Amino acid sequence: MAQDSLSPPLLQVDGLTGGYGALPVLHDLSLQVGTREFVAVIGANTAGKSTLLRAISGLLPKVSGRILFEGQDLTAMPAHEIAGLGIAHVPEGRHVFPDMSVEENLLMGGYARKDPAGAKRTLEHVYTLFPRLRERRQQAAGSMSGGEQQMVAVGRGLMLEPKLLILDEPSLGLAPLVVEEMHQRFLDIHRAGVTVLLVEQNVSLALHSAERAYVMSSGRIELEGAARALLHDDRIRRAYLGI
Amino acid sequence: MTRSHPLARLLLVATIAALAVVPLFLDPFGYALRILCLMLLFGALGQAWNIVGGLANQISLGHAAYFGIGAYSSTILFGSFGLTPILGAVVGAVLASIFALLLSIPTLRLKGHYFALATLAAGEMARIVANSWTSVTGGPVGISVPFRPEAGPWALQFETALPNYYLFFAAFLIVTLIFWRVKTSAFGYRLRAIKENEIAAEVVGVDTYRVKLQASVLSAALTAVLGTLYAQFQFFFDPDTIFGVATISVKMALIAILGGVGTIFGPWVGALVIIPLEELANSWLGNSLAGLSQFTYGVLLIVVILLNPRGLISLAETLRDRLSRRNGQ
Amino acid sequence: MQLLFTLLQTLLDGIMLGGVYAVLAVGLSLVFGVMHIVNFAHAEFMMIGMFIGWLCWHYLGLDPMLGAFVALVVTFFFGMLVQRFLIRPILGAPQVAQIFLTVGLLFALENAALMIMGAEFRSVTTPYQTQSVILFASGPERLLVGMDKLYAFLMALASGAAVWLFLNKTRFGTAMRATSQDPMAAKLMGVNTNLMYAVAFGLGVGVTAFGGSVVLPYITASPAIGTSFAVLMFTVVVLGGLGSVTGAIIGGIAVGLIQSFSALVLPIQLQNLALFAVFILTLALRPEGLVARRRS
Amino acid sequence: MSALLEIRHVTRRFGGLVANSDVSFDVAPGEIVGLIGPNGAGKTTLFNALVGIYPPSEGEVIFNGQPIAGWKPHRIAKAGLTKTFQNVALFAESTVLDNVVTGGLVNRSLPEARALAARILDRVGLRAIADKRAGDLSFPERARVEVARALCTEPKLLLLDEVMAALTPIEMEEIITLVRGLRDEGMTFVVVEHHMKAVMKLCERLVVLNFGEKIADGTPEQITRNQKVLDAYLGAGFSTDAEAH
Amino acid sequence: MTQKTKTTLLMTRRQALIAGSAAALAAPLYARSSFAQSNVINVGVIQPLSGANAQFGINSRNGIQLVADEINANGGIAALGGAQINLVISDATSNPTQAATVAQRMMSQDNVVAVLGAFASSLTLAISEVTERRRVPLLTMSFADQVTGRGFRNIFQVVSKASALGGATVTHTRDLARANGTEISRIAIMYEDTAYGTAQANGLRNSAAANGIEVVMDEAYPLGITDVSPLINQLRRTEAQVVFPVSYLNDSLLIIRNMRQQGITTPTVGGAAGYIIPDFRNGLGDLSENVLSISPAAYDQAPDYTDRFRDRFGYFMVHEAQEHAACMGVLASALEIAGEANPQAIREVLASTTFDQGWATVMSGGRIAFDETGLNIHAVPMMVQWRGDELVTVAPSEYAKAEAVWNA
């Protein structure tokens, strides 16, 4: 479960500082994700979790520090090239292409693939994982329910056959049953060999799914540890409910 | 204004004094005086546009409609009934206000590009009406202001352009003053609130629809009065010119925007730059190669916007901020 | 009987004309749809296309229907350059700046054309300009369509279909649509959005230039021709819904029909008055256009 | 005492999406009510429905004895109900002072509004930055200007939407003192806040939304023991695990 | 009007003083262009060199340039010691405000003795408001009725009024048809809704009424019309014997081609503008053969002169060039007679002389004389007809160079 300490991590973030305007949201933040690991980042709203993910996938213009993926420095790389390295980022709020059909959305997910021919196979795989999407393949993604849109967003990320799958708040606004279902899929995906970095406000789910977790607050990492251990850590409960 | 620097105030007084005195030393029939007249006219037009375009950020590209209504109203009333253009201007202002009210019903909730396009079309509609309604407007041939020296100054007709100049000067100062009053009054606060965040403005109690309507009507009425002054200065106009998209609507907006949209001195700077620039381009390049002057004009426009999308006056503001900071602010 | 023929002929004229408006406006719609920029200089690219078509006809003997392809290619690359150096820097700027930069571009292009091509009206001569197809005849009444209009209409249809296919059936086109709908997500998929913007602008002006060449057999080229089409193009695009290809086609046909049918009840002189009234009302009542997008 | 605000079966739909469903509760004069719930629970939507930005699709809102559902926001503001914005919606190009003055114009003349704004700036602790451009402020400063602008409309009831996000504990303490003080002068508050510590400290009563529905209403002590609330916040399973521990 | 000039003279002493001192201060600036010091006479030329009318403005400029160059090459104005004509040419940008500003500039800075221009009547009317007040003669070929209809003393129009052009179109057409055994009783008029189109259509309409001819179609259409089908559909349903389209080139081509498409062979008589320029022939090819049009002047009336234009510029002397050349010719003659480069002296000569020398002879009748409104009393509208690449005068009979072909 713990990462192999001998091999270098898949993703390594060192001393990351950055934000949108003059004021940094992230302060000297460091974390790492090993190959085939399932890592969660949890923390209250405005802790800077999404900002961290945006920095990794190149959407944040001004960052200092270092982000290494398979030894390659991402800090100066434009977002569209980062996708080509095998990082699929499923953004918060789903961001499906609303006027496109489900299938078009999914195919867009494979846009950066080196082997466009393999997309067909992956599409089948995604449909197997989310049968609902197969049923609705011709429907405009914007007209679907929140849960279905989330499936599209995740499926779209998988279409890249990513080395690293970044999931930003995938349970936001979804009904509890759908959330459970979704997390089962994440576990399936991880079991199939994909490295997962998950940001999740549902602490319980996040810690049940992940192997290891970071707790963020005010743009810094406050805690780090095995997910199971954190699950029983009273500090988290206090941080969230203020009791 | 509250933040004005003493140097700026001095500059302002000096400018006004110069504008008041300099024409006395110019050829009263001359070219220089005409250019000054046009600068003041278009400065005032830019300022009138600024009330709705600058303060409320409703980018109108149809203000020529009001300008034309003002020009046609006074000219037709003067020609047919001998009504003094002073009253004609009032009628024009009322008609332009009504047009603004009617136009606001479908357009006032539109924003940005959509508002610009709708007003553009409205200006064109006014032109088509003036062009087709030959029995009233004289149609496409245009209309000449009848010359009636016997009517005296009541006809707003003068042998030299000097009285016209002072009329434009007064209009320019009055419109500027109105703009300043609007901007610094409760009304101005509301307009700026709408410009910067319409929903937030509503939530803190601004009746956005009503405020925008008031601004449109005020701007339309002022523009119409300037239309009358223009007619009495130019003596001849036709629908294509007076309702022109490029010659009036866009130019008005351009003057306000190039100078610095929503600022009190924006239209001053805009008129000061654009009118002479057009003239210089025309007089230097007008005959060297057909189109070169207009081409240069277009390129300059592009360059200015690429260099500073917020307008020329923001350069001055940066300078002023630096000055005031040095003064220990 | 005569009334029926009149109505049918009017319908036919409106559709033929509307098809041409559609191809002229598809490009404008594309540019707006992908970049959310209203390009006031767009009609100038039609003028450029007309001149390219005319030059091809005059010097190479190419029919304008073929010259249209040359116009498309040339303006495509020209448009990419314009996008890179003029439009991209103002993508995030206030709308006023966008409006007036493209107005400046309008002045510059029109007068550059005047300097290069001179002020003469340039017209082509083709055999089919004076021919027509009689679809139906009964006694003195005839239902006919001019060959020049028919060719232009078919070319318009073909190019509209090609753009549609490009956007919907190719990988690149799909990426372009993705960029228009959610540029952030598109970036995450590995789409070079800057490239998409450049290509969308190039293609947008290219298709309009194509349309310019296609109408050359019945509209004369001159540097000022763009201005007379500018408002018309915007009307088409707004009626159809800014940013949608099918919308532009439907908007084009709608404008064609409004113009041709208004001539039955109003003096032709007022045909644009009717059009603009419809235009403003559409903006007010359905700012998303007659063809609403599926997004809720 | 009768309620200042009565929310009766309010439902708000966007197309097919139901953002609020049959929400009912009252706010008494002088109360500080916390409105909490996980992200996406519909708290901001409810605020927007109350102040008229997106009026309720169904249901009634009685404010100060008047049915206000369907009124335009400016009229509701004039009646004494306004809100702050979660993603601060200041007039960015205007100064802090001008932002606040604008709020004061709802029921006052400009000079009066200026005087009031000056007093409010003092009270909220913004006097030193009164002439700064609002767009240049730091996030915590902006949140305070939001509050000051809303206060300048002299509301009877103020809806505060996450004004304490990203504040330091000391700054939070200042806001809490401010709100308490204003309450003591007769104002009423409904507060949406993610920072639970602050919510628990500030509010006497909490209303919890989840998936657009009200799931709990009670004192902070009751709420923290409410299983439904714990499930909503931490996910089913967390609390049991913690309890077992 | 006399009142007006009187008041002009009533410049107060103070103003005169100020103006004088200002002029003295500014004098060095004007030195380069002052006619008093060097032997150069400045003549203002204001034309639309850009915008929609640019082509005609450029043609006009070419015509004027040709004449001025000839005068200068032949030793300039003899009466002024061989003074050279210096053309001060400016672009009116198809915008009347700009045209007036340019006129003002020429008078203030270049001391022009006269202004020539400006093709479009809207521009000319705007310029005339300035020239009238500055009392500088304005010579023009614009023909809207208003140009000479306002009692101005300093405007001189070398061509007939639009109403006269329209009238002549109808009468000449009737006569030509009658000579071929057809009596015209029903006509159709279609015109663009510009100053030019409306004015000429007015003449057509009035003349038809005066001659008892029924106007069965009378339709204005917007400038820049993209589809003339509705017009031609309407024409098809009328029983018109002749159609009179008044339009610029684009619409002319559209109308003729669309008529041909619909198989309509109704004889077409154009209203100058688009119908009598080389581009009409270039655009229509053989279809242009035998198309009739009215023209304010015809180049085949004075081939000796107009061929020089063709030699220099490579196309036949279009009417606006010819008429503007006549303006320049008249002005040169007036300078010779006046013997001084003084605008008012020139005005007096223009108002009182019959010009029958040099380029003044290229106008119909071979001479030019202005009546008290400034209208050339010898101007006669010509009916011209396309023969191959050339236009030939076919009416009135005393000017005809060939027999008209009816029913083209």
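Annotations for the structure displayed:
The chains carry the letters A, B, C, D and E, assigned in the order they are written, with residues numbered from 1 in each.
In this text, contacts are C-beta pairs under 8 Å (C-beta built on N, C-alpha and C of every residue); 3 or more make two chains touch, one makes a residue touch a chain.
Treat the numbers as computed from the prediction; the structure is a model and nothing was measured.
Separation of chain D from chain E in touch steps, taking the shortest path, is 2. The greatest centre-to-centre distance from chain A, using averaged C-alpha positions, is reached by E. The greatest centre-to-centre gap from chain D, using C-alpha centroids, is found for E. Ranking C-E and A-C by contacting C-beta pairs places C-E first. Chain B and chain D have Cα centroids separated by 44 Å. Separating the centre of chain B from that of chain E, both taken as means of CA atoms, is a distance of 35 Å. Chain D has its Cα centroid 32 Å from the Cα centroid of chain A. Touching of two or more other chains is recorded for residues 16-17 of chain D.
Shown for chain E are the residues that touch two or more other chains, namely 49-51, 54, 57-58, 193, 220, 222.
Shared contact sites, meaning residues of chain A that touch two or more other chains, are absent. Residue ranges on chain A touching chain D, taken from their complex, read 23, 44-46, 145-146, 169, 172-173, 175-176, 179, 201-205, 207-208, 218, 231-232, 234, 237, 240-243. Across the complex, chain E is touched by residues 24-32, 34-35, 38, 128, 131-132, 134, 139-142, 144, 147, 149-150, 159-160, 162, 234-238, 240-241, 244, 247, 278-279, 282-283, 286-287, 290-291, 293-294 of chain B.
Within the complex formed with chain E, the residues of chain C that make contact are 2, 6, 9-10, 13, 16-17, 20, 111, 114, 118-125, 129-132, 142, 144, 146-149, 218-220, 222-224, 228-229, 232, 256, 259-260, 263-264, 267-269, 271-272. Those residues of chain D that touch chain A in the shared complex are 16-17, 38-40, 138-139, 165-166, 194-201, 211, 224, 230-231, 233-238, 241-242, 245. Taken in their complex, chain B has these residues touching chain D: 3, 185-186, 189-190, 192-193, 195-197, 199-208.
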